[in-house]
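As written, the chain order gives the labels A, B, C and D, with residue 1 at the start of each chain.
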Amino acid sequence: MSTDVSTLDLEEAGAVLAAESARFASFGWMRGTSGNLSVVLSRDPLRLAVTASGHDKGELTPADVVLVDERGDAVSGGRPSAEAALHARVAALTGAGAVVHVHTVASVALGRRSPGGIVLSDLEMLKGVGVPAHGVEVTLPVIANSQDMTVLGDRLEAARDVRMPAVVVAGHGLYVWGDSPRQARHHTEVVEWLLELELTGTGR
Amino acid sequence: MSTDVSTLDLEEAGAVLAAESARFASFGWMRGTSGNLSVVLSRDPLRLAVTASGHDKGELTPADVVLVDERGDAVSGGRPSAEAALHARVAALTGAGAVVHVHTVASVALGRRSPGGIVLSDLEMLKGVGVPAHGVEVTLPVIANSQDMTVLGDRLEAARDVRMPAVVVAGHGLYVWGDSPRQARHHTEVVEWLLELELTGTGR
Amino acid sequence: MSTDVSTLDLEEAGAVLAAESARFASFGWMRGTSGNLSVVLSRDPLRLAVTASGHDKGELTPADVVLVDERGDAVSGGRPSAEAALHARVAALTGAGAVVHVHTVASVALGRRSPGGIVLSDLEMLKGVGVPAHGVEVTLPVIANSQDMTVLGDRLEAARDVRMPAVVVAGHGLYVWGDSPRQARHHTEVVEWLLELELTGTGR
Amino acid sequence: MSTDVSTLDLEEAGAVLAAESARFASFGWMRGTSGNLSVVLSRDPLRLAVTASGHDKGELTPADVVLVDERGDAVSGGRPSAEAALHARVAALTGAGAVVHVHTVASVALGRRSPGGIVLSDLEMLKGVGVPAHGVEVTLPVIANSQDMTVLGDRLEAARDVRMPAVVVAGHGLYVWGDSPRQARHHTEVVEWLLELELTGTGR
């Protein structure tokens, strides 16, 4: 299965997002109907396929997808999550081809413990998000939550570390991005692994 | 699969409850033969389909279901759990269309740590049970356990926070409800997620 | 599938034990090739089907079973584990129809923390092993490990609480029994749940 | 399925490694694209089949494998991980027929807590790696991480306890070996179980 997003139509994108969602749901990272995923279908104008709101993320079908514009407004399909606007903003800001938003216990727990950001260094796993394994300190930013996606987007833009394709939203969850749905998945798995490690409390 | 309960007959309800039970069992929330699920089939008179007692909750068939009345007594089918009476009471009290009772480690652990109730606020996940994500403090009540379902029902009625579709029974587990089996599932996943978060000990 | 053991032949018993083993292996309770399961096929003389030694417990076939006598010696089939002798002793001592031996992290961790035995009371989950949910204190015994099955059996016999169908072997794992493979499974799930609860450190 | 490696051709080896990888990935031990597995196909000259770099370890096909020599350089197939050189060195040094490298949270957490090595004794589970269950103290070595496989190999050679088929690489993960892919799997499961036990903090 290619995840070269530029060649996907909306239903193909829906199939990819449904499969990715089912995977994350099986990890317990999309409990209830939480979280949403997106993939960029065109750059100019910016168009993203975003998972439809209110569904069980382990039971999505290829049709449970909405086409949204650069403001996250629906172009076709059902009702997007309000958070679609943040997906579009992340895609525009970072050039990402896919965005993952999940609610993991570890991300919210670490956001509480380290509200100023989670400092990471000297971990081989950092290579999984493109950061050297030795001698480089990066910060996984923690930003305050908001229901206003413009405010949340401003905070993300101000806080992000360009070396890290992820941000923790305090009391909320995790935004992670990558070139493709598969790379975004791998980045998500890596960031969550790093958070689970920090949650053991064995760091300095 | 529609979970519009008003149109389900008893065997269809049994099939829905068997699928929901298998899901919760796969999470480890129904170890042994613990827990039980119900769905309201009629309001007047109140009739609920409740999972049969004593079975492995990962192996239920559509026939492993009992029709009970407003007191939890069997109208047809096999032997209901004594707890069927509490399911019926929750349905009558709250107007819920489905009730989930599971034994999770986190709910009993938190009931020990916070016997006066578990205070929650400023968490996006609260939206999954209909509570605002900001500035509202709700309490997930913890009530003392009893083998007398009238006593337990009285405690639940006295303690419940109308904004929270769930109660922790100390030393026992979790009761959660919703409009339909699917909504009750989502509420259960959300409440358990909140409990697992609090169990990390990272809160204030 | 009936688990009325008295009617099973050796291969049927092997099929039941393979299925039960695969279940426990999926929980991570039989890592490596650890643990073994048995079912009583006759009482007089005592004959048990025991899982064969050295196999991956997630990959057993119905043929991976050995018929042993009251001393745990092979009557037919392959090589039994040395621990088959303890299975036979538990079956003779308690009248159990099935014995489960698993290596769970929680049982070894709790055996370290509470070497004198794990005291349990006022937990609804205790009903899953036949103990009242209120006002009765039982002890899950912890016995010292040994490679001599006679010594280990003597310790088990001396330490066991007749109200609890389980014993923790320190630095080793858990022995649990029941009337049938299914009841032994449920007892195992219940005891492990209780140990995981105690491991949270929220008790008195 | 035989895992007698000497009779496997490269594609058969790829099929075995894909199945083993999918298993470890399902445990969460190969998040992102982390980790790699190998099996020795010939001793003289030393040739190993190693999983290809950059793939999702839950989605490997039999073709996602590279044949490497004693230096870890590709003889045929795609691009090997740089770590293939360490696999080859472990195989040459220990005589192992298969090597597993996984990134587990427990191994990195314990490497932080016990940078001088993890001392283990009096645990039945030690028998799963060939160490007596009583009275023998072994050390699971923790070595500093490096991107230079010669340096890392020197550290592994200097630090290893010949009684333990495993080494923790600090800030990185776990190397484990065995006679065959299946034995290496069992050794990995046993070592990870021991690490998860130590992570509970219940030891002396």
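Note that in this section a residue touches a chain if its C-beta (ideal position, glycine included) is under 8 Å from a C-beta of that chain, and two chains touch if they have at least 3 such contacts.
A quick note: this is a predicted structure, and the numbers were derived from the prediction, not measured.
**Student:** Quick one: how many steps at least from chain A to chain C, stepping chain to touching chain?
**Tutor:** The fewest touching-chain steps linking chain A to chain C number 2.
**Student:** Note the rotational component of the Cα superposition from chain A to chain B, reported as an angle of 0 to 180 degrees in steps of 5.
**Tutor:** 90
**Student:** Relative to chain C, which chain has the most distant C-alpha mean position?
**Tutor:** A
**Student:** Averaging only over C-alpha atoms, locate the centres of chain A and chain D and give their separation in whole Å.
**Tutor:** 31
**Student:** Please work out the Cα centroid separation of chain B and chain D, and write it as a whole number of Å.
**Tutor:** Taking the mean C-alpha position of each chain, the two centres sit 44 Å apart.
**Student:** Going by the touch rule set out above, which residues of chain C reach two or more other chains?
**Tutor:** Residue numbers touching two or more other chains: none in chain C.
**Student:** For the complex, give me every residue of chain A touching chain B.
**Tutor:** Touch list, chain A to chain B: 28, 31-34, 56, 103, 105, 108-110, 112-113, 145, 147, 169, 171-173, 199.
**Student:** List the residues on chain B that touch chain A in their complex, please.
**Tutor:** For chain B paired with chain A, touching residues are 27, 122-125, 128, 133-134, 182, 185-187, 189-190, 192-193, 196-197, 200, 202-204.
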